[in-house]
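Right, one structure below, let's go through it.
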Amino acid sequence: MKRIAAVTLVLGLVLAASGRAGAADPPVIRIGWSVPAQTQHYVMMKKPGILKHYGKAYKADWVNFPGSVAIIQAIASKNLDAGGISIVPLARTIEQKAANLKIVADMMSERKGGFQTTWVTLESSGIKTIADLKGKTMGVAGYGSTTDLLARAILRKNGIDPDRDVKRVEVPFPVMESAMRKGDIVAGELAQPFYANAKARGGIRELFTAQEVLPVLPLLVEAFTAEFMAAHPQAVKAFLEDYVTALDFARDPKNRDEVVGIVAEVSKLPRDVLATFLLTPQDYFMSPDAMPDVEAIQKTLDFLKEGGVLKTQLDAKSMVDVSLHPRAKR
Amino acid sequence: MAASAAKIVVRGLAKEFADRTTGRAVPAIGGLDLDVLAREFVCLLGPSGCGKSTLLYVLGGFVSATAGTVLIDGKPVGPPGPDRGIIFQEYALFPWLTVLDNVMYGIRGAASPAERRARAEALIAKVHLNGFEGHYPRHLSGGMKQRVAIARTLAHDPDILLADEPFGALDTQTRTLMQEELLRIWEADRKTILFVTHSVEEAVILADRVVVMTARPGRIKADIAVPLPRPRDYDALVRDPVAIELRAELWRLVKEEVVRARGAG
Amino acid sequence: MSAAAARPAWRALLRLRRGYSVLLVLAAWETASRAGAVNTFLLPPASEVLVNLWNLATEGRLLFHLAESLLRVAAGLGLAVAAGIPLGLWKARSRLADAVLDPVMAFWFPVPKVGLIPLALLFFGFAHGSKIALVFADALLPLVVATYHGALHTDRRLIWSARAMGDSERRILWRVVLPAALPQIFTGLRLAVTVSLLVVFLAEMVASSSGLGHVMIYALRTLETKDVFSALVTISLIAFLADWLVIQARRRVLVWHA
Amino acid sequence: MNGAEEAAGKRRAARIGGATIVIAVLALWEGVSAGGFVDEQVLPRVTVVAAAWWELLLSGELPAQVASSLGRQAAGFSIAVVVGVVLGIAMARYRAIDDFAGPLITMILPIPKAALIPLVMLWFGIGDVAKTIVVFLGTILPVVVSAYHAAGSVDQVFLWSARSMGDNEAQLLRRVVLRAALPEIMSGIRMGLIISLIVLVGAEMLAGRGGIGWLVFYTLDTGAYRVTYAAMLTIAAIGFAYDRLFLAISRRLLHWVEQE
């Protein structure tokens, strides 16, 4: 008697743990997100009411990670099915066959018409051109990050060896402006919202952006594992429709106040700081059709190959799968 | 065979220690023979560092011999067990237990907790500590602690009592009282006792036989019977000519070894 | 009969005996990775990591970063020892100091110091200062606590004997209480060494341009898993060596201790 | 002359001293930030942090995050105490266990947990189990080291006495070694308790589903430092409360220890 009860209990627990107790439940998409610049995700998380399919065709388990690399590790260890990921780690993942990821939608890019990560100096620093940086100390937000790779290319293009001619120290984004004003570094990179903040306080001069080496940098994309797409195409299709809905909602000027509030809530940053740039031309560029820019991705891959970051030549077309995208031309 | 009748038989016992700094082997006991009869009270006397305590620890099963045989009741000495009780100079009372709990610690096999408690209380009464059952060791004087230790050792009713200078840290008055108390307890049930001491007086008052050891490496130097009647009266022994003679003889033997040890050191 | 004759061979075997579990783990790691039981991106084979480590080491850069990390640990730990032991002694000997320090420490120590990294960067600089400060802040706790406990339980007879010999309270602190507390202080030091290594690598991962932690985070960002594990193995070896050194020092200093 | 009066006086002095230190630190903080010595973005003023803390408290976010963390912390800490004490004593008593576990412990525990996160994900997922394991790994070190040293230095006469009273190995360990080692083990556990709160940050950055440690790391990343400091102070306050509770329990448990 006791044994039967125990076996039943164990079986019950196993079933409950496997999460497939009710066959009628929609599939759960385990999806990784991070801050900043994933506005589409934040809207989906905080306003599921506007989404047509949520809870019916799929459910989402939103998990925050400190960045793309952590999301990729979680995907490789089969703890996630999807995530908003930066293009460089994504390319490295595919190159190493660490996970079979497909780009299914655009999230944000750095290009004219939107904000681009900007290398700045103080107006009083006397630095006018990139060449003036020779022998000086500059701040890098993260060695080996995408923006770092771009900065190195730009420095080299301007006749400065990034390893010899300048001293580059790692400074977290939130400290960059203070370090510069304090004189610990003469120049540094600023992403949003730190750029907006620094600009508001004044005395900042722009030195360069990635424009010079990559006119369009598709920085963040939405990616799914091929396995999940094959197993649950309807769920992914429904998710992408909702994703576009959230994008449209965010881009609609009459919702701006609400979206700023959502981002403030998610990022815990002060609302008034966010309001100065969010969803303006000073914000990162979100493509209205949410379609991945295959050409720009290819150019980025080529650039990475040239710079030695990628060892193999990757093909953007094979990395992108828009077969379930609601705005794909068929 | 006379030897097989003895309770404890030691033959050719040797013990070496490794020096912690040099790593060399240092002999503590070198080829020692000793017989102790059942119900005999034997005192081990010798200069400091002659291996008296080591011999006791080998008998207790705490340390193993480098060479030689040690038999108890005809069997090789085994790991420590309740058949051999030990009393240390440092009392070794568990500071986290009360007097009662310390004494109850070694009582096993009793039918019920109440029975164990009753036995422990009886032993506490035997060492005159009634009323201190709930005290922790830190609240007791040295003599009281040692009485608790004796009660605790008696609680598991050992066959053999090994005492390692148990009264060495006590003042003279307390020491005298404790000696009398130990004799009173011993005369009631006559356990085999091997008692290590560096006091000639103590050995004469307590022992049936005094074994004098040489300086390191320890061997038997002399084995002297104490022909004094029991029960012994402390005050009488102070003036007893036999006792006086014996003390002088023992002191002479020990002194030789002390001088020798100093010369060697 | 005596073990003296066979000693050299025995010594060698004893050494091996203390390392075999590490070899076992390496073997299990290698097998798991080779057999395809785990994603090699997350756990590359041990042999490849070791080869990679050898290449990095002979290239020289790794040794530079290692030296940077060790310098920071040595400085931070040294400061923590210099401050922690007197603080612990003082806390144990003065009731007033204990009453004031205890709540302050109880509040300060649980603060996750990683949150202070930005501040440390601005106050102590981007190079060594900020990391040394963080190592100091976290290594202090085990040293103060251990010294305090060791000093608190000093046999009062020792203190009284010293007093009777006319020693001043300060002299007693250094000549009696400190030696009596040494066994516990070494326990604290063992912990502090491990904590220091942990903190320095963590601090270097959050913001640094050199050090093993920096090597590791750079490798993580560029998804060079083999480099990540090479740094990990180096850290493990360093930790093992540091611990061994503390144990040896303990043995040397505490010859009188049972 | 009057000992009780003197003690009360010292306590009062200590309380005043402690309060003075707290007020001085807070005033210094406010001054440094408001006076522009440190950028307010990096070190927000005390008043700003306090306001953020109050806001988080009222919105219910702070209590929720704390509650979700304390479960993990308590679980990881408890397992670390049990495993650490047992392992430490076993290592001190049995050479074979020491030889096996000793090198592994010294080699694995100093690795920053952030670097182990991929492996933790691989074997334990990204749920509470994984986070509890990270807390456990971070917390066990002081417990195991103190138990090891304490059990290794238990007075020989205790062990021999217990043996000669018929204790078998299990009884000896439980009734003598554990008890005799308890004072030092407790100081290791006290450290472990404090560290368990610190490592929450590392554990909860594993995969963010909330928690007070997650809040620290997350806002450190976004630059919302007023929240970072509010969360850090909350952790410190919890640590303080824990420590006082621990001391009270410890005093009861160790009442037999002889102190000057």
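We call the chains A, B, C and D, going by the order they appear; numbering starts again at 1 in every chain.
In this section, a contact is a pair of C-beta atoms (placed from the backbone, for glycine too) under 8 Å apart; a residue touches a chain by one contact, two chains touch by 3 or more.
What you see is a predicted model; the values in this text were computed from it and never measured.
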>> Show me the overlap between the contact partners of subunit B and those of subunit C.
In response: D
>> What's the farthest chain from subunit C if centres are computed as the mean of the Cα atoms?
In response: B
> How many Å are there between the centre of subunit A and the centre of subunit D, using C-alpha atoms for each centre?
Replying inline: 35
>> Roughly how far is subunit C from subunit D, centre to centre by C-alpha average, rounded to an integer in Å?
In response: 17
> Using mean CA coordinates as chain centres, what's the subunit A-subunit B distance in Å?
Replying inline: 80
> If you look at subunit D, which of its residues touch at least two other chains?
Replying inline: 38-39, 42, 118, 121-122, 156, 217, 220, 225, 257-258
> Which residue numbers or ranges of subunit B touch two or more of the other chains?
Replying inline: none
>> Residues touching two or more other chains, restricted to subunit C: which are they?
In response: 39, 42, 117-118, 122, 220
> Of all residues in subunit A, which touch subunit C in the complex?
Replying inline: 69, 72-73, 76-77, 89, 92-93, 96-99, 140, 142-145, 168-172, 174-175, 178-179, 182, 184-185, 309
>> Can you tell me which positions in subunit C touch subunit D when the two form their complex?
In response: 17-22, 25, 38-39, 42-43, 95-96, 98-100, 103-104, 106-119, 122-123, 138, 141-142, 145-146, 149, 152-154, 156, 159, 183-184, 187, 190-191, 194-195, 197-198, 201-202, 205, 213, 216, 220, 228, 231-232, 235-240, 243-244, 257-258
>> Can you tell me which positions in subunit D touch subunit B when the two form their complex?
In response: 155-158, 160-166, 175-176, 179-180, 182, 255-258
>> Touching residues of subunit D toward subunit A in the complex: what are they?
In response: 38-39, 41-42, 117-118, 121-122, 125-126, 205, 207-209, 214, 217-225, 227
>> Applying the document's contact rule, which stretches of subunit D touch subunit C when the two form their complex?
In response: 7, 10-11, 13-15, 17-18, 21-22, 38-39, 42-43, 99-104, 106-112, 114-115, 118-119, 121-122, 141-142, 145-146, 149, 153, 156, 183-184, 187, 190-191, 194, 197-198, 200-202, 213, 216-217, 220, 225, 228-229, 231-233, 235-240, 242-244, 257-260
